[in-house]
Each structure stands twice: as C-alpha cells, then as structure tokens.
Amino acid sequence: MNRYLKLVHLEVHRFRYALFSLMFLTAAIQITGLVHTTQVRVKGWREAARLGEHSTRNFSFADVIGDLQFLFAIPILISIVVLGLYVFLIWYRDWIGRDKFAYRLFTLPTVRRNVYMAKATAIFVFVFAMVSFQLLMLLLERQLFNWMVPSEYRMSSLFAEAVASNLVFVRFLLPLDGIQFVVYYGIGILAVFVLFTAVLLERSYRLPGIVYAILYVAVCGAAIGGAVYLNLYNYFYPREITAIRFCIYLMVMGFTLTLGFRLVSKKITV
Amino acid sequence: MIELVRVSQKYTYKEVLKDVTFTAEKGQITCLLGLNGAGKSTILKTIMGLTPIHGGSIRIDGEEINQNTYERVSYIPDHLAIPASMKLSDALRFMEDFYSCWNKDRANELMRFFDLDLDERAGRLSKGTAAKFNLVLGLAQDSDYVIMDEPFAGIDLFNRERIAEVFSSELVGNRGVLLTTHEVKEVEYLIDKAVLLRDGVVARSFECEQVRSEESKSVVDVMKEVLLT
Amino acid sequence: MKRYMITSALILLILASLGTFYAYGAELRLPEYKLQTLEGDLAEASKLTLLGSYVGGKGSYPIEVSTSGSKRSEQTFSNQWMKNKGPLHDQTFSEFKALYKEHPGFMRGKMGTDGYYSDQDTLIFAKASYTHSKDTDQEGTIRWSIDSLDLATGKQVRYTDELTDSVQYTNVIDVQKAGSEIHVLTNVNRVNSGNELIDMVFNAETGLPIHSVQVPLGKPSRNDRELQIQIIAEKKPTAANSRVLFLVTESSKRTDNTVSASDTIPTIFSERLFEYQYASGDVKELPLVAGAEEENRPGSWTLHSLERATYTTMHLSEEAVTINRYDLSTGFAHPQVTIKASQLGKGTISQAQVADGRIYLLLQTGDYFKNNSMPIIAVADITDGRILYQGTPAPVKANGRPDDQLDDAQFLNMTIMQ
Amino acid sequence: MNKVNEWAGITFNSRDPVYAQVVRLFKEKIVTGVIQSGQTIPSRRELAALLKINPNTAQRAYKEMEDQRLIVTEGNSPSRITLELDVLRQIRAELLGTAVEAFVATIRNIDVPLDELLDVIQQKYTEAQAGKRQEPPEAPFESGEGGNNDD
C-alpha cells in the first residue's frame, strides 16, 4: 500500500473515536425523536379511531421525518461544527500537545503533498462517512417506523420522499439531484482545500501569515461565491455559465493546491 | 557528508542563523555546541526540511533535501514525536510501515538493549524511557546519518550512560552522527568534531583530538574561550 | 490489511450507500401517466401537453403529461446547470429551439419572444430599453437596438437609436419588415397617463432611423372613462405580418380606493378594433366581431389572435367555446364554429386554444380541489367543429406509489407546441 | 571475552589526546600484567564501547600501538599483544622512566639526601607490595590522572 493511503488511514485512525461519537450522537437523537413522534402519532390515530373519527389520510415515514426537521438537524449541525473545527485541528493538533507529531509527520520519507492530501482525504472520508451513516440511519429508522405503526394507520412512502421532507437533507446534505450533490460537495471540497492552505500560510509565516490567510480565504471565498451567484444570463447561455463556474472552481482549486503543496513542502516551520 | 554552506535563516526579520557553514562526515560524530538559543536545534530542523532557509544550501551526499533524504538521514528530535495513545508496538509498526530502511531486527535488539516494554503507551513513558524509545525509532533505520537533538536533555545519570554507550556501539556503526547538546561532558570523549555556535554564527569548528594534541585544550576549554569572551 | 479495517470499512460504506442512493434511491419517482384515448385519433393530441402537479404522498410536484408519457416538469439543478439551451428553451414555439441550434451567436443573451422577425433573407431582433438618468429630475434615455443577421452571408449588424424622454418603461411589441424598412412597434408606458404606441422605422440597409409614427389610439370620450388597449400582433414570434390590430376598450375609470367588489369590474362602454398597416402607416377601423355585452358576462372571456391574415376570436365560457375567423386581406368571414361542453360527455370547459387549424379544449370533470378527477382534453377541427380526438390522462405505472395515490394528480393547464 | 570490569570506570584527561591516553593505558596494563603478552584484545569498536570513547579514537590508538609494535594484527583475526620481549622491556623501561621522572619532579623541592630518600622508597615500596598481594590488581596510574578534567 502506498504511503498516501497509509497516511489517510493514520488520520482516520486518529479521529476514529470522535467520528464514532458523532455517529452515536446522531443515532441517539434521531431514534429518540423518531420513536417519540411516532408514538404520539399512533396514539392520536388510535384515539381518533376509538371516537369513531376517520382521519383524512394515513401517515407515512416521510410525514414523521417532516415533523422532525429541527431535531434531525441538531446532530447534523453538531457534526458539521465538529468536522469544521477539525479542518483546522487536523493540522494544529500536530503542533500542539506533548508529542508534536509534526516532527514525525514531516520527516516521513514521502512527498509532503501526500501529507496535505491525506489530511484532506481524511476530512472528506469523515464528511461522506457521516452522510452515508445518515442514509443508513434513515433505512433503519424506516424499519423502526414500520414496526411501530400498525399497517392500518400507515401509508407507504418512497425513500427519496423521506429525504425530501427534511429541508436539511434535501437542501444541503443529500440533494436528490446527483449533479447537485457533486456540485455542492465539490464546492465543499474546494473550501476545505482553501482553509488548509490558509492554515499552512499561518503555519509558514506565523503572525503575518494570519493576515495572508484571512486575505486568501476572502479572495477565494469571493471567487467561489461569485461563481455560485454568477448572473450573466443576459449574455451567456446556461451551459456556458456552468463552464465559466467550473473554470473558476478549477482555477481556485489549482492555485490553492499549488500554493498549499509549496507551503507544506518548502515553507512550513515545525 | 552533510554539508551546510552559508546557511541563513530569518524569523520575522530576526536572523536566527547567519552564514552557517560546516560539514558532518559519515563515520564521524559531529557535535553542535552552544548556549540555549544559539540555533543548534534550528540547524537540525533546516537539515530535515522542518523550517525553511533563506540563503545558502544544504546538501546530503551532494543532493538537496528531498523525500529520499528521510530514508538516508534519521532524525531523533528532542522529544518523542509519537501520539500519546499509541502503544510502542504500534509505533514500531508505524515506522516499519513508512520507512523502507526500517531494520526490524535492529529495532528488536534496541528494544532489548534499552529494556523497553512493547505494550506500554507512548504517553505513559517516563522522560528517560521516552528518550530511549526515541533513540530506538531513529537508530533502527538503516540510514547513513543520524541526527539527534539534545539526546541527554532532562535524562537522569543512569540513562545518560546507557544512551552514551550507544554512540560507540554497533547500533550507530559506521553512520555519520550529528548531535546537539549543551552538556559537553557527556560527549567529550565521544565526538570527533565540534561545531561551536554563538547567536546563529559558527564561532569555531574543530577536531577534538587535534585541539587536545596541538593546543592541549579540552573541548570545554575551547568552548569557554570562544563562547564566554 | 486487517489493521486498515476502519478506513476500508468507512470507504466501503461511503461507496455503497451513496452509490446506491444516487443510483436508485434518490429519484423521487412519481406515478407515470399517459394520455388515454377516449375516442378518435391519438396523433391529433401529439402537440398537446397537460401541466399539473402530483399531490400524492408528501408534498406537491409539478408534472406534465403528453401522448408520449409523463415527466416531472421542475427545473432541476441539472437542467439549470447542464441541459438548458437558453432563456427561450422552454417556449412552446418550437422555432426557438431551431434558432438556438442554427444561430447560437445571434441568439446570445436575447430574452423575450416579441422582438423577433425573420424571412428568407434576414433574422432581426429588436429591443427597446429605458435607462433612468442618475439625476432623478432629468429625463432618461430610451434606447433601441436592432440586431440584424443576414442569413445568406451570416453577417450580423447592430443598429441603435436613442431618444431622451421621461417614461416608466418601454418594450417592443412587434417587429416587421416592410420593403426596405424595419418597423419596431414599441410600447411606451408613461407615469399617470396611458400607453403610447410608437412605430420606429429604420432603414433596413443603413440602419438609420427614418421616422417614427405615433399610432393614434383615440381619446376617452369622457373624463371619468379610460381606454384599455389590447394589441393583437402576429402570433408566431418570428413570422412576418403586414399589420397589427388594436382592440380599444373604453371603460369606466378604475379608482384607486375601490371598496366593494363590484367596483373592481369596470363598466365597458365601447369596444373598437383597429388595424395598423406597417407599410402605409394607415389606421383603419374594422367591424367588431363579438358584442361587448356578451363578453362582459362573468365567467366568460374572449381571446383574440392574428395569424398571417387570419384574425381569430374565441369566446370562451364553461359551457361552450365559439370561434369566429376573418380573412383580413379579403374581408371573408369563415363560418362560426361552436363547441359545447355537452358535446363532450362531461365536464366544463376551462381552457381552449387555437393552433394550426385545430381547437384544443381542456375540460375539468370535477371539483379538482376536492377529488382528483382527471380532466378531459379534446381536439376539434377549426373549420367545422368536428371532434377529432378526446382523451384523458391515466396512470400507467405506479413507480412504487400506493394504489390509492395514483390518481392524486391535478392538471389545470395545457400548452400546445407550435 | 567478557572484560567489562577490567575496563570500567576509567576516566581520561580531557586536555590530552584521548588516543595517547588509550595507548598509555594499554602499556600500563601490559606492564602490570593485567593483560598478558600474546593475549587477544577487544576490537576497536568493542574497546570504544567499553571505554565510552569515539570508535575513531580507538582506531587511532590501535594504529599507534601497531606502529609501536605493541600489538599485532594478522589478517582478519583479532589483534593481540605482541610477544616481542624487546618491545615489552622497552615499554616497562619507558613507564618506569616517566614515573620516576614525575616522582623526582615532585620531590625535588624537598631538600632530602638521596640515602634517606632511598630508605623511604624502600620502606613504602615494601608496604605497597604487601598490600597489593591482598587486593586485586588495579591500574596504578588511575588515581594520579583523575579529577583533572573537571573544571
């Protein structure tokens, strides 16, 4: 196995307990919420049936997920915050602490960009692992829902419907459109690289580096944001605008990676 | 041969190293001597590419620093750079994973030599034990050079002797050794060559035996003479 | 390999779950519908698309159904980013698709369907925009710009003209070429007074403005009345037409502070139809087709259209649709055609359109807000009112939706591809 | 060849070349009979490890001893102390000479007649020989040389 993959594993390994904790937290909050809401619903329907009222419509798993917008968003937001902080900590933890692992990491016999890419890859693995875990949880939760709700009150729903009924899922985490997923997460990946390079600016130039880093993030942020909200439909065809956006992203990506690799291999101070 | 030619380094306008020139030969033990803050550790870091230089050049057997440098030069920093939660056995496996020059037999031999416990966690080692394990990680590589930053700092007397023994043993063998220390006594008879640093400048570099026979001075005498005047 | 288990397991989990989700799970499948023939020839409905929404399950999703089946009609992210060809991509006039394909450079950045003209030699697009002056007291600038593409040589030129004026907004209504003149019929909207229609005439060769004609629209006969102008220009966006029609309606003035509901429907006093000839600049009144009294009845309305020399009015109510057609070049009136809802078995007429010698009807068969009964569409021959086709959307595939949700669709609109 | 205690605890004078001190150490060991002539001696690296000195210094000392024909190295076999009696005698004379020179230098300022001095020497020497028989042999020069390197 090559050293890049070994480094990825190393980084994943170092974060494993935090990752599992986030997963556990997500599972705990969501299952608790789902069980409670489903119980309330079933109780209401039973009551209505006892009084001879007929409800207009049975309820589905998607309905319950739709009821749980806020609760489902909490663990996701916590995960986003934790992973967002870890984008920085994945570097700084190698400088702080008794072990100052950077001394070892940067003297490993491999090109330094592998260290950079491995840390980035590890972050992406964490993000996608959390998203995948959320998908698994939804499957499990649907099963749980089916067990809890008697079939006479239950309406079937598509898996995608359940995803679509939670705004956090459909707007950010799991857009139903595959292209949208690729674009969203592509921009996310780009953002991680920009932040990494900003961290390396600080690590290379210290105090003045903070200023460079802030400027760099501002410029890249403006370019990426500008590309997202690029409104040139008065002149360009939609596909050309897509191409322009893509070029801007590629340029930011190219520049960020080039600068990042250069900093990590030539400028960084341990 | 590790060769530094007019190496200089600045840290926000402050010159940390200035025109540092010296060589450390293979098969010799070269010692960087100087007071705290003289730039000893910084020099080692520049050789390992852990901090950039702003002038001059560093060559190892004629080559500039690249990723292969780390297979040929093993670096023993002044602390054990292994995550606290790692077991020593895991740390050895980690090293074996990454270094193709890793010599497993030598690693085992060193672990026995220093009487280290594979099941202990890196974070729980005493300072002396950590220093010994740190040596294991550096010396178990089949490298041409070993670079050590303050191998004796903060180590008790008994462990110091154990560590000092390593220098003249087969464990170092015919490698070139470059070390820093501010405790000359431990290494006085061990080193071939001393490079005296003062405020980032090489004040004098000399062969110890030569100074003894030609000037009848000890290393400490020269140090006092150069650094305290 | 065992010691890399955590990482391998995570990556496998990611690939498996995201892969499965986006390959199979992410598609929000709706039941599939198809136009089902009740009687007649299905081919007659091939240009018709029913627009509606699927409301089964959770949420509501726009959906369209035609003879070829149904699909979701939302603008998805992929459509916006990857598939759309241009701002007029979804227009029901198929000629725009062809224009995008043949003249992508000329069509670049052109919005709106009204500014086009084409014949065998040229393709013209005209735009009139108003720019407010920075100083609010000063007059702004109306700016005309005419792009002309020589179809033979592929040469594209732009002519412009400017006028200093103080208006609210301007827009192009129709562009025609008469001989060596380009006419740009422009609507100028002024604050506190009605619209003005200006025919800006340019030399087709040099692009120089020749003159401008203010089309006379008349004045209200009394102070408490006002004129409503409805312009009836050539229906096909790029087609040539030597004339344009105006329907001038005189009605009671709308007061700003209307209180009762009856006040909001103004009383109509007169309706007059005028024809403006581009080449000569003549304005001529035409005999009116339908009585104003009848048109004013609640729940019914009249649609006017001009296609080449044929002027068509369609009077529409829930019970019946009546069509009158005139050939303006000869003055010949085609026989009136009436189609009654009762002819079609059940439902009430909610929409009707005339296109290419056919009348398309949309009938709602129930209270669609309460029960999701499917509408009926009908296609009739415009010359004799003969019903050529009747059909209704019907689910053909459940796509994982429960049976009782299959008919949870409402179709309230239709479009005809032309 | 476990001779750890034989070489342990030796300290050097930091102002004289270490290799010269090693040569002298060997000479003393030979003269005092701690190592026998013809005996194999540690390899250079072993000696460096035993004395905690630089292997290159040990190498140089061996080179010096070879030059003085104090040790012989044949092919790949370990070095041995020479069997040449001339050389051994010469070392003995050399060591005795330097020791006596040092002794004379120390007592030169004490104004004492030679006879009296010889009597004292005889008496002390007899006592020392008697004590030596009860204790294991020790390198005699050691006490004289230590403590100098500590400033």
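A, B, C and D are the chain letters, set down in written order, and residue numbers restart from 1 in every chain.
To be clear about the criterion, a residue touches a chain if its C-beta (ideal position, glycine included) is under 8 Å from a C-beta of that chain, and two chains touch if they have at least 3 such contacts.
In this text, all values refer to a predicted model and were calculated from it rather than measured experimentally.
Asks: Of all the chains, which has the CA centre nearest the overall CA centre?
Replies: Central by C-alpha mean position: chain A.
Asks: So what's the Cα centroid distance for subunit B and subunit C, whole Å?
Replies: 82
Asks: When the centre of a chain is set as the mean of its C-alpha atoms, what distance in Å lies between subunit C and subunit D?
Replies: 116
Asks: Let me have the rounded angstrom distance from the C-alpha centre of subunit A over to the C-alpha centre of subunit D, please.
Replies: Computed value for the inter-centroid distance: 76 Å.
Asks: State, to the nearest whole Å, the distance from the C-alpha centre of subunit A to the C-alpha centre of subunit B.
Replies: Inter-chain centre distance comes to 43 Å.
Asks: Please categorise the chain-chain contact pattern as a line, ring, star, complete graph or other.
Replies: If you draw each chain as a dot and join those that touch, you get an open line.
Asks: Pull out all the chain pairs that touch, please.
Replies: Chains touch in the following pairs: A-B, A-C, B-D.
Asks: For the complex, which residues does subunit D have touching subunit B?
Replies: My answer: residues 12, 14-20, 45, 48-49, 51-58, 60, 149, 151.
Asks: Contact residues on subunit B for subunit A in the complex?
Replies: 12, 45, 48-52, 67-71, 75, 77, 79-84, 94, 97-101, 122-123
Asks: Please output the residues of subunit B touching subunit D within their complex, sorted ascending.
Replies: 27-29, 161, 164-165, 167-170, 188-192, 208-209, 212-213, 216-221
Asks: Contact residues on subunit C for subunit A in the complex?
Replies: It comes out as residues 4, 6-7, 10-11, 13-14, 16-18, 21-22, 25-29, 57-59, 76-78, 80-87, 104, 108-109, 111, 400-402.
Asks: Which of the residues in subunit A end up touching subunit C in this complex?
Replies: 1, 5, 8-9, 12-13, 16, 60, 62-63, 66, 125, 128-129, 131-133, 135-136, 155-161, 163-165, 174-181, 183, 233-239, 242
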